[in-house]
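By letter and in written order, the chains are A, B and C; residue numbering begins at 1 in each of them.
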Amino acid sequence: MSSDAQNLQAQGWRAWLLSSSPGSRGQARLSRAYIAWLAFQSNRLAMIGLGIVLLLVLLTIFAPLIAPYHPNDQVLADRLQFFTWAHPFGTDELGRDILSRIIYGARLTLYIVILVAVIAAPIGLAVGTTAGYLGGWTDTVLMRITDIFLAFPKLILALALVSALGPGIENAIIAIAITSWPPYARIARAETITIRNSDFISAVRLQGAGRMRIIWSHIVPLCTSSLIVRVTLDMAGIILIAAGLGFLGLGAQPPLPEWGAMISSGRKVLIDHWWVATVPGVAIFIVSLGFNLLGDGLRDVLDPKSGGQG
Amino acid sequence: MAGTTDRPLLTVEDLKVSFPTRKGLVEAVRGISFSLGREKLGIVGESGSGKSMTGRSILRLVSAPGEVTARRLEFDGIDLQKANEAQMRQIRGQRISMVMQDPKFSLNPVMRVGEQIAEAYRTHQKVSREEAKRRTLDMLRAVRIRDPERVVRAYPHEVSGGMGQRIMIAMMLIPDPDLLIADEPTSALDVTVQLQVLAILDDLVTQRGMGLIFISHDLNLVASFCDRVVIMYAGRIMEICDAKNLAAAQHPYTRGLLNCLPKIDGDGSDLQVLRRDPAWLEHGL
Amino acid sequence: MSAVTAKAMIEVEDLNVVFGIGADRVNAVREVTFRVPEGATFGLVGESGSGKSTVLRALSGLNPEWDGRITIAGHDQTTRRGKAFYKTVQMVFQDPYGSLHPRHTVDRILMEPLAIHGFSDPDRRIERVLGEVGLGPSFRFRYPHQLSGGQRQRIAIARALILEPRILLLDEPTSALDVSVQAEVLNLLQLLKKERGLTYILVSHDLSIVAHMCDELAVMNHGAVVEELDVSLLKRHEPKHPYTRQLMIASLGYDRAAVDRFEDFGIES
């Protein structure tokens, strides 16, 4: 296809997506998503954040193809080497290639972060919207339960749970998820309380809609934006807690290349072989930063109060 | 009638206000010209007509990325376009004041009313606290607040809408400005309170020989309150006429606005719908 | 059936609504009584805080805390309303920017009541009601932020009509609209009333709108009805109660001398 024809086709797609009179539900949804994407794209920092997160995803998917060595290959003769061409990030105390361990560790990081988000956010959303809309005793009871969970410092509670459940990455995930949902419940409840007196909720009540329908179809969609933003911003914290648990030996167990565990074992050789602990630390930093920038960018686009689409 | 000074208080020539947005350049005001003496001038328009932007651009309150240009924007001999920010700060509040629509949003909710008014005064006059307090009480009496000592200690959320707007007027008039721009000052009020607040404005403006720009969407109210009326549509001026001659207005947009209003003594038949002529988008006064 | 005892579509007797408890008790609506015959437009006029919107919310069932008697189409109402009620009575709200769910398309907004009540043939009904309010099918998949204020209000009216009610409660339906758009929406409401034989209760602070649309009106102040009058009296500038007279004079425009004669009408015992 010639470039002129390609241009015309691209213009056609763009016009279809930006049409102010969509002809179907699908077109309306796609159009809305496209416009949000355009707004997101204009924020350079947000795009950097997105880039970092996408890089993380790519490393996860293509780890076996990208990593030069197997992460658990021990070559004791080559232990504690500095950056070389053969080992760009050096080797650790058991002669394993740090670069490969970072790449495979990305899988664990993403695994932890996604599972925690997928468990904690829906629980928080359900508790918060129900408490906010139904009010009365339901609200009081649910919020006191939330308060109980909020009263514990996150890391301490996670530690206690992991100690009870036993060390291991799945238990670390469950522990972190249990400590993460309360703030989401509060956010969802606050949004719900603002929304529930709106005229459009009154209108649907006047149509005879039941409470579940109102909560699920009308209130939840309006809470998801702020929740998505909050979850993204929390991901940095989740990574750090997982790293902390790993550091304490309570999260991922050796020989899994979890970044926190790598920092922990690298501590012993920190003085003379600083890179063993620092490189995973930098990786955690970059990924946390990436999620933070992404979350900020999403908030600018999704939050109606800060000027995005209503 | 225009005042006795030979030079108009405010001269606006070819004022343009535009905003770059992702969808292209939005021209809120497209080249309007008018002048104001010591009189009450009403600017009437529907939403999107550019009337609020006009008021704000006089005081340079249109923030970036909005852009304001004009062939001439002169207040009492001062070129408002060439004035630097320090000079504008001198003018704002002291010589030109602005009252906006909802006192809930323009009064500081965490400061007592008396403090806010006194602060407005002391920004422009070097006076002692006692003097400022005395002037504040005087001003509150001038806007017909019967118990100024109580109001002075109240917070904005503790007073009603009508009283809040009178407090705004007191705050804006205490430095004795020459020109007051009022942007929908009574639209959030009940109709009887509206008229009471307007009566206060009327008296103060007349007593002090001030100029008043009254921005509103309510054509009938403006016609009964102001001396002259400017009708705006889509960023342009459609017509300028004397308020008492409004019924004889020429421009089809003005006539359309007048005719589409329901009247108490109407006959209940269908209201005349305004037919928008695309030519109005191209040409104004 | 004689004209005098023609069946009333809506009957309200001694309606009381109280907000708050203890020292903060406010009698928002006090002993309000009126009747609306079938096919009429009844106006409720008052300034802010008069209780007119509260009466409407109690009538619609949105506010369950009232006492007195409310009879709609011959059925006495309790604080709970059933689906049959919602097919009879619908409401149009004041703020076009708040009455449509920001994340739902017009299609979804109109589909919802049909889904709740199990109406058949939803597509045809949606297209028909969109036509009736003067909007074409090109509006069907737009989001509210892609609509102007007047268009949103038309969608709100379409939503109210899609269940084929007999009564529409109109809460200041045009006060947030430009006057040119207001004229179109008021004309539309009159047309729909004629076409469908509806009964309206119109709440407004604007006497000229009430004079234009209504057959009868009740003037409220501080929660109580101070005067009930036929619209012809209003049109001839002959209301009896001084509060109504004051409201009427104020509606005619700014008159410096008249303002001086304004009184403060407090709560009448």
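Assume a residue touches a chain if its C-beta (ideal position, glycine included) is under 8 Å from a C-beta of that chain, and two chains touch if they have at least 3 such contacts.
The structure displayed is predicted, hence computed values, not measured ones.
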If you tally the C-beta contacts, which comes out ahead, A-B or B-C? B-C
Most widely separated chain from chain C, with each centre as the mean of CA atoms: A
Please tell me the distance, in whole Å, between the geometric centres of chain A and chain B computed from their C-alpha atoms. 49
Find the geometric centre of each of chain B and chain C from their Cα atoms only, then give the gap between the two centres in Å, rounded to an integer. 32
Set of chain C residues in contact with two or more other chains: none
Over in the complex, which chain A residues touch chain C? Could you list them? 20-25, 27-28, 32, 198-200, 202-209, 213, 217-218, 221-222, 304, 309-310
Under the definition above, what is the set of chain C residues touching chain A in their complex? 60-62, 81-83, 86, 90-91, 93-95, 98-103, 105, 107-108, 112-113, 116-117, 138-139, 141-146, 156, 159, 163
So in the complex, which bits of chain B are touching chain A? 22
Could you pull out which chain C residues touch chain B in their complex? 47-48, 149, 178-180, 182-184, 186-187, 190, 205-209, 211-213, 234-237, 246-248, 250-256, 258-260, 262
Touching chain C in the complex, chain B uses residues 46-47, 161, 190-196, 198-199, 202, 217, 219-221, 223-225, 256-257, 260-266, 268, 270-274, 276
